[in-house]
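These notes open a run of structures that come right after.
Two complexes, one shared chain (chain A), two partners (chain B, chain C).
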Partner chain A sequence: MTLLEQKGEASAHLPVEHHQGPTGYYRWLSSTDHKVIGKNYMYTSLVFMLIAGLMAMLIRTQLASPNSTFVSQQTYNELFTIHGSMMLYLFAGPFAFGGFANYLIPLQIGAPDMAFPRLNALSYWLYLTGGITMLLGFFTASGAAAFGWVGYAPLSSSTNSPGAGPDLWIVSIALVGFSGIFTGVNLVTTIFYLRAPGMTMFRMPIFTWNMLVTGLLILIAFPVLTAALIMLYADRHFGTHVYSVKGGGSPVLWQNLFWFFGHPEVYILALPFFGMVSEIFPVFSKKPIFGYKGLVFATLAIAGLSTGVWAHHMFTTGTVLLPFFSALSLLIAVPTGIKIFTWIGTMWGGQLDFKAPLTWAVGFIVAFTMGGITGVFLASPPIDFATHDTYFVVAHFHQVLFGTTIFAGFAGFFFWFPKLTGRMYREKLAKLQFWLVFIGFNLTFLPQYLLGLRGMPRRIAVYATTDHFTFLNRLSTAGAYLTAIGFVVFLVNMWVSWRSPIKAPDNPWDGHALEWATSSPPPSHNFHKVPPIRSNRPTWDMNHPEHADGRVMTAAELSREVLD
Partner chain B sequence: MKRSTIKTARAEGNSPASRRVRWGAKLAGLAVGSVALAGCSPAFGAYRGATTQGRSTFHLFQGFAITAIFVGGITFGLLFFVLLRYRKKSDAIPKQRHSNVKIEILYTVIPILIVVGLFFFTVKVENKVDALNPSPNVKVTVTAFQWGWKFYYPATNTTVIGSIKHYPQLVLPEGETTAITLVSQDVVHGFYIPAFNFSRYALPGFVNHFDFTPTSAGTYIGRCSQLCGLYHSEMLFSVKVLSAQQFQSWTSSQAGKVTA
Partner chain C sequence: MKFEHKLYLGLGVFFAVIVAIYWFWSGESGGSTLILASALLGLVPGAYLGWWAMRMKPRPEDLEDPTSEESTGVVGAFPTYTIWPFVMGMGAFMIGLAMVFGSWTLVIGFAFAISAAISVTLESKRGGAV
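Right, the complex of A and B next:
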């Protein structure tokens, strides 16, 4: 027994029943266990996603015919505002960094919990409270906020958008913002300080790497948003003039602050999902990830660049230095492209086992590649002048965001479902859901590129027969309904898995990272025994010693490593 | 397809560097052209641009579209090859390859070169589109408000004001340069003429300037592109491009008038 292993095993040999605590509903409410909080986050964000998805159905129904009066223009503006706000603030981010990261990071690095378990619980409750606060906007006299998820000043001022609905929107995002900041602190601290012995930085799974970078980006971006929101609230209620021309303020300042948050936010939403598929491709190819270090550096490059591209959302304001923001925005395509080639390289020469997680992950590559390529168009200011605020942009960011959060998100969800629940999902239903959503998704968003190029602005509630937008909008609506049927299949899958469970083995996929070395679901302190960590896939090394990445170390190497 | 590629090339200058890239674009276009573009309109769904500025933007868009089809084709080609070729055949464990530095450098350097090329043309076209003529033939001040547009011709003191009930018309001369001064009276609006391949925010407290040189007479729709409140969808206007002569007689007939 080596010194290193003794150290690793000692920390993992905590008494199992030591922290069992309360059970049932009270356990869900009071727990500071990262696994319980992670699951709370995941299920809550999925519910928010389904609610926001229903709003999307109403939006698409309104747009299915010209001069539509299915909902009023006011209601329409509220619907797309809250649809976007819920999807971005309440689903995409929290699903990833509240749900998956919370659940998986301690498991992947061999830690018993997050660094600050109570702060973690506070994060969740702030998030839930914030989410409910946002929805309450619909029950106020003024209705919910109706100025888009970006809340541009001065449309969001007390003159242009009076009432409690917009206030609730501001407060809810501030709450969710604080929740995100606390989660960011927790993630970064956990990854830096709680790694098991042997888990060096370059042995961390790619998902953990991506969550570290995401955590840092959260700490860069979210405080700016929260500060901007507080100033907006002060403008509305305390007579300040930060964003109003009359008092010497500047409406463009809001756009700068918002997008300084907003663009890193796009990568805060994307990186975790890149991390998930980077776990999935190797496992279902029976190969290690291709170009591990390249992938890590690509992630760091994306993070660095993402803080310098915010004004590409503002090309048409006439207030920004176009070549600078254009160059950086175009450049970000390079590390993103590296990732795509890395995933293809991982599958190259493998034994691809098309279980649901791999199928969904491939769907992600398809969607994300299309969305990424059209993003390059928008990084070019003249092309952006022609397409800004049209359905071309709507199609682009839905391909990117739906591609990541839904395709990669469900790849991850099905991949880790056995670990989360100790049960298997139904493979056939997961595949059926995939095909419905994949066809529906493309049918929804591909026509929108053409609509945008033909001049349909986003956020319009009505269009005329003479605009000739009807046919493409009908296709898009049909696609949206098909996608919705896909999600009904998902609910059926969950129902069946709940009512007639099939027990999941501890390591159903021959997984690579540490979470597959413990039981499904893991005990309250995660590990009875942590296998030796000699590479970035310790569970694989343990199960396939003849193909192990980590070789057995000499005594000299070992003592050097322990000293480090 | 071929014709449009050549048109793109013509619009993009004659320096040796751009000629080389042009050849690249032509070859790329031809390589994928026959298969991928069969049945596609060479405009790729976009407007060809009814101004000299919009025309340049269209050509840039075409260049981007060809590059996109090329890059997308290679990426999807590799992806689908892998998906078909490496389906699971046995339980044997494949070769555990961790990296291949040559390939990694290749898929880093080639995208950088592509991006540099795209940036080069972007800046060229951007300078054209954003160029301001020091002595424009016509000046118009456009004021956006909730929910309509006001067009003011200072030379003849002509004002056209619209609303959501009555869409105003912006009249421009063909073949001459009109300098637009764009402001907003209340919230942020987007002055957007799809057929011109152009939009610009109308910002409160900030004045925007840009030029149009229309190339073909006709009537085009204009819209508000940036969400501006309740009747955002109905904040429309039309643009009528007249021959220089017709424009002259229109301005003299409208001198000093306010149309609402």
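Right, the complex of A and C next:
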């Protein structure tokens, strides 16, 4: 008898079972099922992404012509601040570690739920209310926060940014920060303590591994941000001088604290998506993953190095140790390169099936590699001094973050859509969306590199005709509109699969990991019976016993091989 | 459990090495404190997990080939529906708004949060599906 069958018997006498639970809205408000919470996170974050995307459209429309008066300069500042804040705090992270991780981790390790279901529900409500708090800024008399998503001191002080908008921004990110910390605790505990029998650490899917490391990074980074925000609030309201020179404080301290959160945050955003494509490449190449342990240790190396590189955002402050931060930043390219190598190695010689998930995942490699390589440029202080705060940097981080969260994110979304909903998406619409977004994305951001090299500063609402930025900005705006059309196609795809559903089989892709061994969508406690786990592809082994993965190693052998 | 212990400890040792290099090279105290805290975040739970790993038999999930006998047991009790996390979330929201608008929402916020904290504790004490 498996643990889970036993669990079913143990809870049989308890008063309320899932299928007897409340109905309607009350069911949605009170559910602690990780699948319901995961889907809530995913759909909420997609809505936030679309709102922030609309803001990006307004920004690009303003920049399409010189001396534009489409929006006021104050509104422009508010738009780019909330666009960045929503994309980073409310979409990219929560979409991955709130949405995908919540939904998939218990399924992938054969657990009935997350370790702390109530805490999980609280995380979601803090996230949702935090998001609403941020948007409330637009409805206040002084407008939303307008100091950029990084909230640099002293611009964010009560003298330079008075009003309720900046305070709402601070409270919002504190709420979302607590939500993230709770999710991090939940992820690490679930992965350490709720794995099914036989699911050793080195049999976990790469996505689960990446989420474990993301959870650890959240625990390192998020508390620093929350503490920094509380001190900022104290500076604004209680007359402390933590970040103001006047009272003996230091504005650069804010940058140190913020980027000690901010740089690991980039990897908190990226690692889950690396995990998603690591699940997709083997399935659509009909091969096991190439270099499993290499991927795991590359992930750990990225996590370790990412906490020692925060000051590469601060090269031009003149207060940081340039060789140390430059060297560590350059080093990160090594484990990242290993990952790209293993993804290509997985596809190499495989029977590639270019369904939408693989197409999006290949698009991710292209986009992310371009953004990553310009990151290597920027890790070199002389280049950073020349391009700091120009559109070169804007193009770099959009290629990295858009490349990761949208391309890998939609690869994952289409890959697991049948499992989430029990329905199939429309393949042609998903491909059409890919090409619109891929062309639009490159058309938007490649010209921005040139704009940056020609000296266009970031965060300006207006430029003059004599600056000669017009043509490249027009190209960039055209690309942004093309991308927006791509997202309309996505909404049409979702509408069609909602109104005229095509039922999805339990395992439409011949998947490898445990989530494909249960029904689509899974039952309340995930599995009626967990298949035996004797490799890192248990579902594949169950469906293809003739090609099951090799010899079973003992725990002692494995840990000796890995650690010595 | 042994590998979980080594994972935390490994991260802790890595950060300890980094903080030593960074401190002696730069002498900057803010960043050094943060990396030192990260090192402790690896070392303290790492030591705790190691302490347990020494006292425990390998769990079924640590075994390469667990027998069905080793795989039996109760995983735990998981609540299915409870309204209190939602109430606590709304309480936190109200308290957050009070920090900006300084208004009566603070009273409602604390009422929500405290009642939810008490209720969720009683609920957990009762155990099982609630």
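FYI, the second predicted complex is superposed on the first by the 529 of 564 C-alpha atoms of A that agree within 3 Å, B and C clash if a C-alpha of one lies under 4 Å from a C-alpha of the other, contacts with A are read in each partner's own complex, and residues count from 1 in each chain.
In the analysis below, contacts are C-beta pairs under 8 Å (C-beta built on N, C-alpha and C of every residue); 3 or more make two chains touch, one makes a residue touch a chain.
In this text, all values refer to a predicted model and were calculated from it rather than measured experimentally.
Engineer: Touching A:369, do we find chain B (first), chain C (second), both, or neither?
Structural biologist: In the superposed model, A:369 contacts chain B only, not chain C.
Engineer: Report for A:349: first if it touches chain B alone, second if chain C alone, otherwise both or neither.
Structural biologist: first
Engineer: Is A:418 touching anything from chain B or chain C once the two structures are fitted on A? First, second, both or neither.
Structural biologist: Once the two structures are laid over each other on A, A:418 reaches no partner at all.
Engineer: Identify the partner contact of A:341: answer first if only chain B is touched, second if only chain C is, both if each is, neither if none is.
Structural biologist: After superposing on A, A:341 lies in contact with chain B but is clear of chain C.
Engineer: In the superposed arrangement, which partner chain does A:531 touch: chain B (first), chain C (second), both, or neither?
Structural biologist: neither
Engineer: Thinking of the overlay built on chain A, is A:31 touched by chain B (first), by chain C (second), by both, or by neither?
Structural biologist: A:31: touches chain C, not chain B.
Engineer: Could you look at A:73 and tell me whether it touches chain B, chain C, both or neither (first, second, both, neither)?
Structural biologist: A:73 sits against chain B, while chain C stays out of touch.
Engineer: Have a look at where A:272 lands relative to chain B and chain C in the superposition and call it first, second, both or neither.
Structural biologist: Neither: A:272 stays clear of chain B and chain C.
Engineer: Find the residues of chain A that appear in the contact set with chain B and again in the contact set with chain C.
Structural biologist: Common interface on chain A, chain B vs chain C: nothing in common.
Engineer: Name, in rising order, each residue of chain C that touches chain A in their complex.
Structural biologist: 2-4, 6-7, 10-11, 14-15, 18, 21-22, 25-26, 28, 30-31, 34-35, 38, 41, 58, 60-66, 68, 70-86, 88-90, 92-93, 96-97, 99-101, 120, 124, 128-130
Engineer: Okay, in this complex, where on chain A does chain C touch?
Structural biologist: Per the stated touch rule, the residues are 1-4, 6-7, 10-11, 14-18, 21-22, 26-27, 29-33, 111-113, 117-122, 124-126, 128-130, 132-133, 164, 167-168, 171-172, 174-175, 178, 192, 194-202, 216, 219-220, 224, 233, 253, 256-257, 260, 300, 303-304, 307-308, 310-311, 320-321, 324, 524-525, 534, 552-555, 558-559, 563.
Engineer: Which stretch or stretches of chain A touch chain B in the complex?
Structural biologist: 73-74, 77, 146-148, 152, 154-155, 160, 245, 250-252, 285-288, 290-294, 316-319, 322-323, 326-327, 330-331, 333-334, 337-338, 340-341, 344-345, 347-354, 362, 365-366, 369-370, 373-374, 376-377, 380-383, 385-386, 388-390, 449-450, 453-455, 457-463, 467, 544, 547, 549
Engineer: Sort out for me which residues of chain B touch chain A in the complex.
Structural biologist: Residues of chain B touching chain A: 44-47, 54, 56-58, 60-61, 64-65, 68, 71-72, 75-76, 78-79, 82-83, 86-100, 103-104, 107-108, 111-112, 115, 118-119, 122-123, 125-126, 129-130, 146, 186-188, 190, 192, 194-195, 197-201, 203-206, 208-210, 221, 223-234.
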